[in-house]
Every structure is written in C-alpha cells, then in structure tokens.
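One chain, chain A, appears in both complexes that follow, with chain B as partner in the first and chain C in the second.
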Partner chain A sequence: MSINMNPAMNRRSLIAGVAGLGAAGILAGCSNGGSSDGGSAASSDGAAFKLGTIGPLTGDTATYGVSVTNGVEMGAEDFSTKDFPLTVKKEDSQGKPETAVNAYGTLRDWGMQALVGPTLTGTSVSVAEKCQSDRVFMIAPVATAADVTADKDCVFRGCFTDPNQGKNAAKWLAKNKPDAKIAIIYQSDDAYSQGICTAFTEEAKADKLNLVKPDLAFKTDTATDFKVQLGQAQDAGADLVFCPLYYTPASVILKQASDMGYKFTMMGCDGMDGLLSIKGFDTSLAEGVLMTTAFSADDPANAEFVKAYKDKYGDTPDQFAATAYDCVHAVAEACKKAGLSLDTAAEDACDQLVKAFTEITVDGLTGSLTWTSDGEVSKEAKVFEIQGGKYVAV
Partner chain B sequence: MGFLKDKVTRRDFITYAGVIVAFVIVQLLVNTHVIPYSLRGQLVPVTCYIVMAISLNLVVGVAGDLSLGHAGFMSVGSFTGIVTAMSLASAIPSPVVRLVLAMIVGAVFAALAGFLIGLPVLRLRGDYLAIVSLAFGEIIKDLVNCLIVGADSHGLHVIFDMAGTKTINDLNLAEGGVAIIKGAQGASGTTTISTFAAGFVLIMIALVIVLNLVRSRTGRAIMAVRDNKIAAESVGLSTTKYRMIAFVVSAAIAGAAGALYGNNFSQMSASQFDFNTSILVLVFVVLGGLGNMRGSIIAAALLTILPEALRQFSDYRMLVYAIVLILVMLFTNNPQLKALIQRLNPRFRKEAAADGE
Partner chain C sequence: MNAFIQFLFNGISLGSVYAIIALGYTMVYGIAKMLNFAHGDVIMVGAYISFCATSYLGMPGWASVVLSVIVCTVLGVVIEGLAYRPLRDAGPLAVLITAIGVSYFLQNAAQLIWGATPKNFTSLVTFPVPGFLAQYKVSAVSIVTVIACLIIMVGLMWFTANTKMGKAMRACSEDKAAAQLMGVNVNKTISMTFAIGSGLAAIAGVLLCSYSPVLKPTTGAMPGIKAFTAAVFGGIGSIPGAFVGGILLGIIEAMAKAYISSNLANSIVFAVLIVVLLIKPAGLLGKYVPEKV
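Now for the complex of A and B:
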C-alpha cells in the first residue's frame, strides 16, 4: 500500500502540466504567419555564396525576426548575379541567446560563408562572440547595443547604436524645436529604451533643451497603463513627449492620451517604425508623431522594393526588413570588391570582407552607407513625421 | 571489490561508469571531428541541464516537494559566477581556476538564497509550495534585473537600481574597469571560459553528492518525511530540517550549474531564467523518473538535443517536440507496454512487485 501524501505530486497533475507545456509549444509554433522554410535564391546546382541569417521566427519577438529574414532573403535574390549567386538559409533563434548559438552551429554545418544576422541584441552579442573566435564575417542588421561590435574586428552593424539614436533625436530637436517642453517616458527594464533615454538626456542637457519631466519610467509588467505618467507630463506642461519605445507601448500611450484629452507631439526612434500597421489601432491618433528611422515605405525611391516585398510576403516592409536588405547589398558589394570566389572558405572570406567593407559605399534603401573599421555604419539620420497616414521627411 | 556485492552500491557505480564512458566517447568524437559543429556547441548547455535535472530530482523526487522556481537558483549562481570570473580576470589568468572559483561562489550564493527562500517556503506543502516557489523564482528574476555591477582596480562596484534610472556610468569605474552586469541588458560581453570537461566533472560531483546523500541516514530520513510526514514526526524526525537539507543542497548544485551555464555565453539576461526554464527542468525530471538520477541524466541530454535535431522541420519543430514529449509520457505509462517489458525481463518483475503498486 502506498499513500500519496503530496497532492501536487500525483501522476495525473504532472501529466496535465506537461500536456499544457506541449500546448504552449504548439501556440509558439503557430505564431509565425506565413514564412516559408530556408529559401534559396540561386540556382539549385549548389554553386552559390552561402549567407546565413538568424532571427526569432517563433515566439514573442517573431515579428522582428520575420522582417529581417525576409529582407535578407529578398536581398539575396536581388543581388545575385550570374557569376556570383547568393543563397540564404534562415534559422530560428526564438529570441534566446542559447538557441541563437545553436542556430549558428547549424548554419556552420551547412557551410555558411558570411552571416547577416542575428536580429535581436542579446542573440547578436552571443553569436558575435562565436563569429569572432571562429573568424566568420558577421553583420548584424538591427542590433543596437554597443557590445555587439565592441572589441570584435569581424563584426559589423547596419544600424545606429542606442547612444547615437538618442543623440540624433536630441540634436534634431535642438535645431528644429528648441522651445519644446519635453517629457520622457521610457521602459527602465529594457536595454534599448534605457540606452536611448540616457544618451538623449545627456545630449539634451548639453543643448540646453527644456526637459520638464525627464524620468517617467515604467516596466514591462505595467506597459498597458500609462495614465500616471501621462498625467504627470500633463501637469508639468509638456508639449512634446520623447518615447524611446517599441511601437506596441507607443500605441497604448497615444490611445490613452487621446482618451484623457491631452494633446502633445510624440517623438520616437526606429523601434516606433511599424506603428501604422498595428491591427486594431486607430492610425489617426498617430498623426504628427515624429520618429528617427532610416527607412520610409512611402518614399517613391523605395517603391520598387516595397511592391516586390508586398507581392512576396503580403506585408509592407518596415525598417528592419529594409536594413537587412541593405546589409545583403553591402555584403554582395564587398564580395565583388574583394574578388571572392564562390568556394572561399569562411575564414578567408572573413579577412577579405573585413578589409573590403571599409572601402565600399552602398547606395541603399536607408541612405548612402559606409563603414568604419570598428564596424559601425555611417549614414544620414532621418526624421519622419506621420502626416495623412504616411511618412513625410521633415 | 566486496562492496560491489551490495545491490544499491552496484547500481550507483554503474551510473558513475555510464557517465564516464559517455564522456570519453563524446570527447573522442569531438577530437576526431565526427560530430557536427552544431552539436559541439551544445555540449556545455547539455551538461548544465543534466546537473539541473539531478539537482531538481533531489527536491521533487527524493524530498517530494514540487518546486517550480528552480531556475531562480540557477540565475543566482549564474550571475554571481559571471561576476566572480570577470572580476578576477586580471588577478587570476588561468581560466580553469577562475571557472572553479566561479562555480564555488555560485553554489554558495545559491545555497544562501535556497536557505532564505526555504525558511518560508518549506512551511508549506503540495500545491501551496509549488505556487510560492514559483513566485520566488519570479522575484529573483526581477531583483537581478535591477543589478548593475562593475569591477575595476578598487574592487567591485554594485548599484541596486530599483527605480531604473541609473546606468553603468553611475558606477564611476576607474580607468580599465569593466562593466559586468548592465541592468536590464544583463551580463553582456562576458569572456566565455566554460568547457565540456568542467561540465563532466560537475556532473560527477553532483551525482556523488546526491547519491551518497540519498543512501545515507539523512537521505532515509528525507524519504521518510516524504512518504509519511506524521509517521516521521512521531519517531522524532524534524521534518523541516530534513526538507531544508535537501532544498539547500539542491540549490547549491543548481547554482554551480548556473555558473557553468553563465560563463558559456557572452550574453545572459535575467529573463532567460524564467518560469519556462523551471518547467523545462521539471520535464527532464518527470520524464526521467522521480528519484531516478540515471533517468534524469538521459532525459536531460536527449530533450536538450531534440529541438535542435528537429531543425529540418523548420516552423513545425516545436510542435513536433511537444508531440514527442506527449507520446513518450503516454507510452511510458502504458500498462500493456509495462507488462511487455516485465515479460521480457524477469528482473523488472521483481522490482515492480517490490514497488507494491
């Protein structure tokens, strides 16, 4: 006879628990809309330069990973030439550093010669370390933290760092809206938001901007209610609120401010790109929002890319896809410049690409891009305003 | 070799031998480049998860307390281990010595956390214990999120940034100082020093500790408390004391595993040690068999590699993983299958009869 003294330990509840876990896994697996498996842009006879890309294709952050990997896939199609075809394999990181390193291993086994990825900052730092020790060329399209490229000679970046974005935003305000009364709402447990906020505050103080309420912090758990922060900003008389946030919390802020009848100009950074494509969000609330981002889908110069992307994936491309596309463009240019052959080993390709990357100029979707030897991109900082549901450069 | 005549001792030594043989074979395969690159990168995480499974099995299987916050102890061990290894980088050049120190410090801090959390948690049983341990796991996650730590020639600088308004600049590090934990971003830019051999040694140490504890007088007392609390109390056993011993030892082992894990990746944030990680380790334990260390080792190794081995299923890989888990659970509990195994192997019949189900 055995008496089970511990009610939580009976077999049925454990099995139920595991089954629940399985159900969660199923949901995670289905959260990714219509992305296909690792696409190949080149001829199938195998002779092509192999580009790897990594992003969260499942899980909470899948929207960014799908954008980046789609951008890479399109880039590989468009910049393949007859003599130098490119082929792409994309692997899922689930947004976790550990899984990203595993994905990198899978790509190495496939024979990857250069990496355009990963997507998120955390995964990029862990993979960059592997690339550096294995001598594999890597360009992170949209990872913004300084640690991604720090002390690594074969890791490049396709976007501005967090500090640069904050600085650019403050400089633009000093030039164009020097009298604005500024409040800042930021997410204190998010590295992206915190990084931009710090740099913005420093530059704003140096430029003598009027910061009336610079410390309205919130955390992930309270990202659904901003009435307290908005009330404080209103009491302080702020007419411009700087929000270094992703687009989801930004949309909540706009909605609640409009319910409160508080009118102000919102300014954000590249994470805000995507605000207009949120389902169920009244885009008229976004009128007048300012953002520093590198890409506008409404720019006639990008119309061809936008149309091709829409036809292929059924979605308007955001700056994540455009930057990834530009990074593939740059890799293709650098390969041409270095005169690489298709069967160059990854280690040799790395040394030659690193050298070639500082010499190329790419005329891409996000501006004219050049790279310095510490891996950072230099391009023009653009500010857009949403007018009539479109991005207008200001 | 007289001691090998004892059935229980022989079983333990077979477990040790199995782990050693597996290590030698895998190490040989790595040296001869037989196993692919992707699998080589997973060796250290696999050893970490094996140690985690052994550690949780001590609490769930042997002591019978369903703890859902075990990732919290891994987190404590991980971050204290990273700080130890990084801050001693200039003082102790040898990575092996630093890794050992990191694991010891990680184990000590996790044991301390285990003791403090054990004080309130072990007053509860069953579902209540599960819920409260879950909450403590989340609390650890939030606390680590507030940490900003750096080291320079003057020593360690620690800021506890509750309001989220401070950054690494507030540490005022001297020239040549390094920021180790950067608040929400976690520990980033860590030098990776963990090795597969270190992982193997840690598994062996964890096994020796846990198996010897289980076979000792203390271990029998722990199991007596699990099986019938009232009977155990009536013969004078202190239930809280014995459950606390199991809980703290388990936390210490989890801390050492965390230190090994943390020093294997150059990016580690507190949010990685969430509820899902605790459940993942619990799945290893349940699938391997409660109280069965050998089963925990095999389940942890297989289930860590499985999702990566399923990459050819692309988007459906986590779906397939979940289905495999459910099928394994159903089949291992299938009475017909159990009867078949018993018919094939008479030894199992005896053991099953001894179980008295």
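Now for the complex of A and C:
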C-alpha cells in the first residue's frame, strides 16, 4: 500500500507559508505514538522467536495499520508451535517514514529477529533500507511499490506490485469484457494509484482495449468532488470506469455518480477492499463493482479465519489483515524449513530465511504462495464482483 | 454546450459549499480580527454530531441538524473562551498558533472518539430535482446548499446592519478599544460572533458531507483551507465577498478540471488568487483601508 495523503500535512505547510512559521508544524508533529506488546505466545520460560510489526495505528491511515498488525498478531498466535513459539511487538508509524524508522529502532532494541511490516509503501521503503544494511529479514505484507524490494536481497513482499495489479486488471478485461468503453479516474499525486494506472494503460493499449477517456486525474486536495471527471467520462460514453483508488474516494465517486444518474461498472484494485465496511455506506451503490484483490471474507474457505478475527477484534478482516496473516504463516514455515532456533541472532536468521523463503510453498488465505529470489510473491490474481453486498469470485 | 452548463453547475454547487464555510471565516475575521483555523474542524465536528444523531440515536435529519448547530455553537463559545479570550491582548501570531493548536486538538479528539476509519455520511437532503435542472445533473443537495448559502448571507448582512448586537459587532470590528469606551461588551460580542460562526459551521458540515459523503477526522481540513482562500479571494471580512469568492473559486476549479487539466486544477485556482490579490490587494469586494500616519 502506498499512501500519500495527509490533508493535515498540506494544511500545515500552507499555514506555515501564510504565517511564515515553519516551527508550528514541527511542534505539532512530535507527539509520540503508543506501542504495545501483543500476541505473546511465548513458552513457559519466556523464550520465543521475536517478530516485529509496524503500521500506522493512529492518524489518517490507521485503518490499514490496524488491519496489518492485527493480522500479524493473529498469525503469531496461530502459527506458534510448542517448540517454536512466536511473539509479536507492534509499533506505531503514524504513516510517516521517519517515525517508522524510529519504530524499527525500538524493535531492534527489543531484540526483533524478523520484521513483518511496515504497512504503507513510504514507510516500507525507508525501513527496507535499514533492514538491508543491518541484515534483518523483512517481509512487507502490503506495500506495493517496486522500490520496496528493488536491489534488496533480504526484503520480501506479500502482495502484488502496483504494475502487476494494473496489468492483471487489463488482461482480465481483455479476456472478459473486450468491448467495454473504458475511462480511468486516478489520483495523480499518489504512487499507488499512478503506478497501477500507468501499467494498466500500457497493457490495455497492447491488448487493444477501447480507452475512451484514460486521463481523468485528481489530487488529494480535490478528492471531494468528482462530478466534473464523471461528467467527462459520461460525455465520452464510457461504460466502465477503472479506478485504481482507495475505497474512500471510490465511495465518493459511486455516490456522486448515482446523484448524477450516471450508470457504469467500476473496476478497482486491492485498495478498493474495505468499500463495503465503511460505516453508513449505501452498499447498493457498490453493486456490480469489480476489483482485483487477494482475499474475500465471504469465501467459505476463509470462514474459520474470519470468525476468529471477528471474535478477537470485533471487525471483519480485510485483505490487509489476511495478507499479513499469510506473511507470518510464511515466516513460520521458513523458520521451520531453515531449522532456526529461538535464539538465532537476527543477522544469522536473515540469511537462512532468505534462502528458505524461495523454497517454501504456503497454502494461505490469499492463495498458494511462492517467492522468487528477488522477493516477489507469486500467486493467482483474483477478480471479485460485489453482488448483494458480498464479494463473489468471477 | 450541454456539458459546459453541467460543469458550470458543478462549479456553483461546489462553490456554494466553500461559500458557506467562507462566511464563517469571514465573520470571525471581520469582527475578532483573527484567523480561526479551527473553523474547518468545527465543521467536521458538526458533521459527526449529525451523523451520530441519525445513525445511532435514530433522530430525523432536521433534528440532527438542530442538535449539531447547538453543539457546535456551544463548542465555538467554549473554544473562544478557553483558547482565544486569554490571548485577547497578545499578538496576532500567538492567536494564530493557538488556532492551529485548537485545530489539531479537535482532529485528534475526533479520532479518539470516533476512530480513524472513515464513516459514510448518508445525505440528509433528498427530493426529486425539477426537470430543467435534472438534465444538467444538478443534485438536490446542491440546490439546498445554494439556497442555504444565499439565506445565510442575506441573514448575516441584515443581522450586522440592523440589530443591536450586529451594530456592536461592527463597532468591535472598527476599533475594539473605542467600542468598549462606548459601552459595548467586547468579550460578549466576540463570543457571539464565534457562536454564530460555529453554528454556521455545523450547517456547512452537514451540507459538505451530504455533497461528498466521506466523514473522517480530517474531513474539514482541506475544505477549510479552500474556504479560507475563497474568503481572501472575495475580500476577507466582507460577507458578500465570501459568497462571491466561494462561488467563483468553485467555478474556476470545475472549469480548470474540465478544460485545462484535472491535474492542475488547484494550481490554477491559486494562480487566479495571486493575480486577483496583485490587482486588488484587499480581495474582490474587500475594503482597502489606507494606513493613516
């Protein structure tokens, strides 16, 4: 996940500009995030393999961080064995790279042996640099930008990259809806949205898809009003709008389109997951929305996980929680494969985990997962359609 | 042509949301001579109150708006009394920083109370749109927003021109010390200004979220900044100026998106602002007051 949205940040710089007061922002930004021990499944003598996880637990993007860290915590409980217990420590990044690096430092002091995190792309890129230079094994569950794993042998990833998501979506359309007249609405100041959009456009052109209005952009600070973009898409006769967006702007688009009486099929990627769980959202608006995502809470095969998660956190797990859970599963498998002992130092664990990771196959919630030596996961791309308020595989 | 008119209406409806918020900014600035950067966050609180009243307490839409206006009015008075009144004689920078602090406080308090997960605000305004407007895809909430905006603007102008409290407000805006000597209770007047401004913020919050349904602790931040821009654009301190500024800002934004580049929409809006301020430093309808030495 890459997130580049912080209206408070924009406002802060603007106010600083107006008043000529850079210091205001610095003062406001130094509140310290809480941290907590969680999911401890340590054996009776307290020894356990120490997993760290980092995510925004407060702030604008907290919903992603909470999902990921919950998923890691549950994974650590479920994949602890008597001989090889796992314990987890969560740290708050507030979605900021510099805070995430501090959080990483805290985890290192605690004695972390492998890192499942951070959550967002920006934070993951910074922490990945540290992990690479310190030789600490890291798997970023849901950070999608190519930079996270590029040139770093000890950094792995649990999800598709942005370009792959865009490509998968275009290929799926070429196969299943070759006649669609497609418009694209994307967020031009967000790496996630931009990355998918570029790859989608390339693949769509290669597949001769009919792109009638491919360049409808918006930015964080214009994300409240999409009527102009929708008007242009409608004018161009688009019947499918590809929206590589997070669910928040997507919900606004659906609402405003319905206000305008414009009917189309919306297609999105994994960031769209969560659309149905927005409190108060009229889910009938989302009927027929397509999305490429890795996990469906409605799939009977995942029922056990979903129930356990609901019981523990009172919320339906999304794909972020599921992917993080799978990553812990994979780390546990890799530890077993490499025959690590509980007191292996992080640096030694790293080399062995890197080797083991390319050899394991994990039958996880998000499919059957294997990893290549450049850290990328390979799994099946799934497309879901929202029907009757549920995700249905299509 | 059809598309052009549609974009124009989009601009007007977006602009009227900015205008309602801008009216609150301009009221407070005009009278208390301070930029209340927490105004956008009072909007957010207003929207949350209305959201909770309808979805948790099952109140009807109109009652939730009334409740939200009452809560925000009280909140405005409390903020003014606790945070701004002690700084009445301090420099403008101290007050500005305090306002930024209040803004962060409200955002973080909202996050503690309601959580960071965005909530979807169900529009409180739904009625069939008359045919000649429906063909341009004008939504019911846009019509209500424009009408509400006009009523509020006229109401405020009447209030400041004709009532005793309104005259006291104008007196405070001209010269606080002189007003006090003439028997105006300055603290009470400024409290009243905040009460009105915050009450308006509650209405703005409900309309903003009916228009763009995502409600989260930072919902008020960006529209607040845009509305502040609109207020400066129209001439800060001027009530009709806030209205004109808001509507123009909305139209420029919509047209820039439609015909120039959706990427550059905001850059164009702010470029226009700079040009206007170069030509008319006090804003479109602002009064230029020469410094007398």
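Just so we're on the same page, the second predicted complex is superposed on the first by the 353 of 394 C-alpha atoms of A that agree within 3 Å, B and C clash if a C-alpha of one lies under 4 Å from a C-alpha of the other, contacts with A are read in each partner's own complex, and residues count from 1 in each chain.
One rule holds in what follows: contacts are C-beta pairs under 8 Å (C-beta built on N, C-alpha and C of every residue); 3 or more make two chains touch, one makes a residue touch a chain.
What you see is a predicted model, and the numbers here were worked out from it, not measured in a lab.
Trainee: Scan A:Lys255 for contacts with chain B and chain C and give back first, second, both or neither.
Mentor: second
Trainee: In the superposed arrangement, does A:Thr58 touch chain B (first), chain C (second), both or neither?
Mentor: both
Trainee: Quick check for you: in the superposed arrangement, does A:Ala217 touch first (chain B), second (chain C), both or neither?
Mentor: both
Trainee: Regarding the shared-chain residue A:Val101, is it in contact with chain B (first), chain C (second), both, or neither?
Mentor: Touch status of A:Val101: first partner only.
Trainee: Looking at A:Ile278, would you say it contacts chain B, chain C, both, or neither? Reply first, second, both or neither.
Mentor: A:Ile278: touches chain C, not chain B.
Trainee: Using the superposition on chain A described above, determine whether A:Gln352 touches chain B (first), chain C (second), both, or neither.
Mentor: Neither partner.
Trainee: Figure out whether A:Gln229 sits in contact with chain B (first) or chain C (second), or with both, or with neither.
Mentor: Second partner only, chain C.
Trainee: On chain A, which stretch or stretches are contacted by chain B in one complex as well as by chain C in the other?
Mentor: 6-8, 11, 14-15, 18-19, 21, 28, 58, 188, 215, 217, 219
Trainee: Report the residues of chain A in contact with chain C in the complex, numbered from low to high.
Mentor: Within the complex, chain A touches chain C at residues 6-8, 10-12, 14-15, 18-19, 21, 24, 28, 31, 58-63, 188, 215-225, 227-229, 231-232, 235, 248-249, 251-252, 255-256, 259-262, 278-282.
Trainee: For chain C, which residues count as touching chain A in their complex?
Mentor: 3, 6-7, 10, 13-14, 35, 37, 40, 51, 55, 93, 96-97, 100-101, 103-104, 107-108, 111, 115-123, 134, 137, 139, 141, 208, 211-214, 216-218, 221-226, 253-254, 257-258, 261-263, 265-266
Trainee: For the complex, give me every residue of chain B touching chain A.
Mentor: Residues of chain B touching chain A: 36-42, 45, 60, 64-66, 125-127, 129-130, 145, 163-165, 167, 169, 182-186, 188-189, 192, 226-229, 265-269, 272, 279, 282-283, 286, 290, 307-308, 311, 314-319, 321-323, 325-326, 329, 333, 356-357.
Trainee: Contact residues on chain A for chain B in the complex?
Mentor: Within the complex, chain A touches chain B at residues 1-3, 5-9, 11, 14-15, 17-19, 21-23, 25-26, 28-30, 32, 35, 37-38, 57-58, 91-92, 96-99, 101-106, 108-109, 121-123, 125-126, 128-130, 145, 147, 150-151, 188-191, 194-195, 198, 215, 217, 219.
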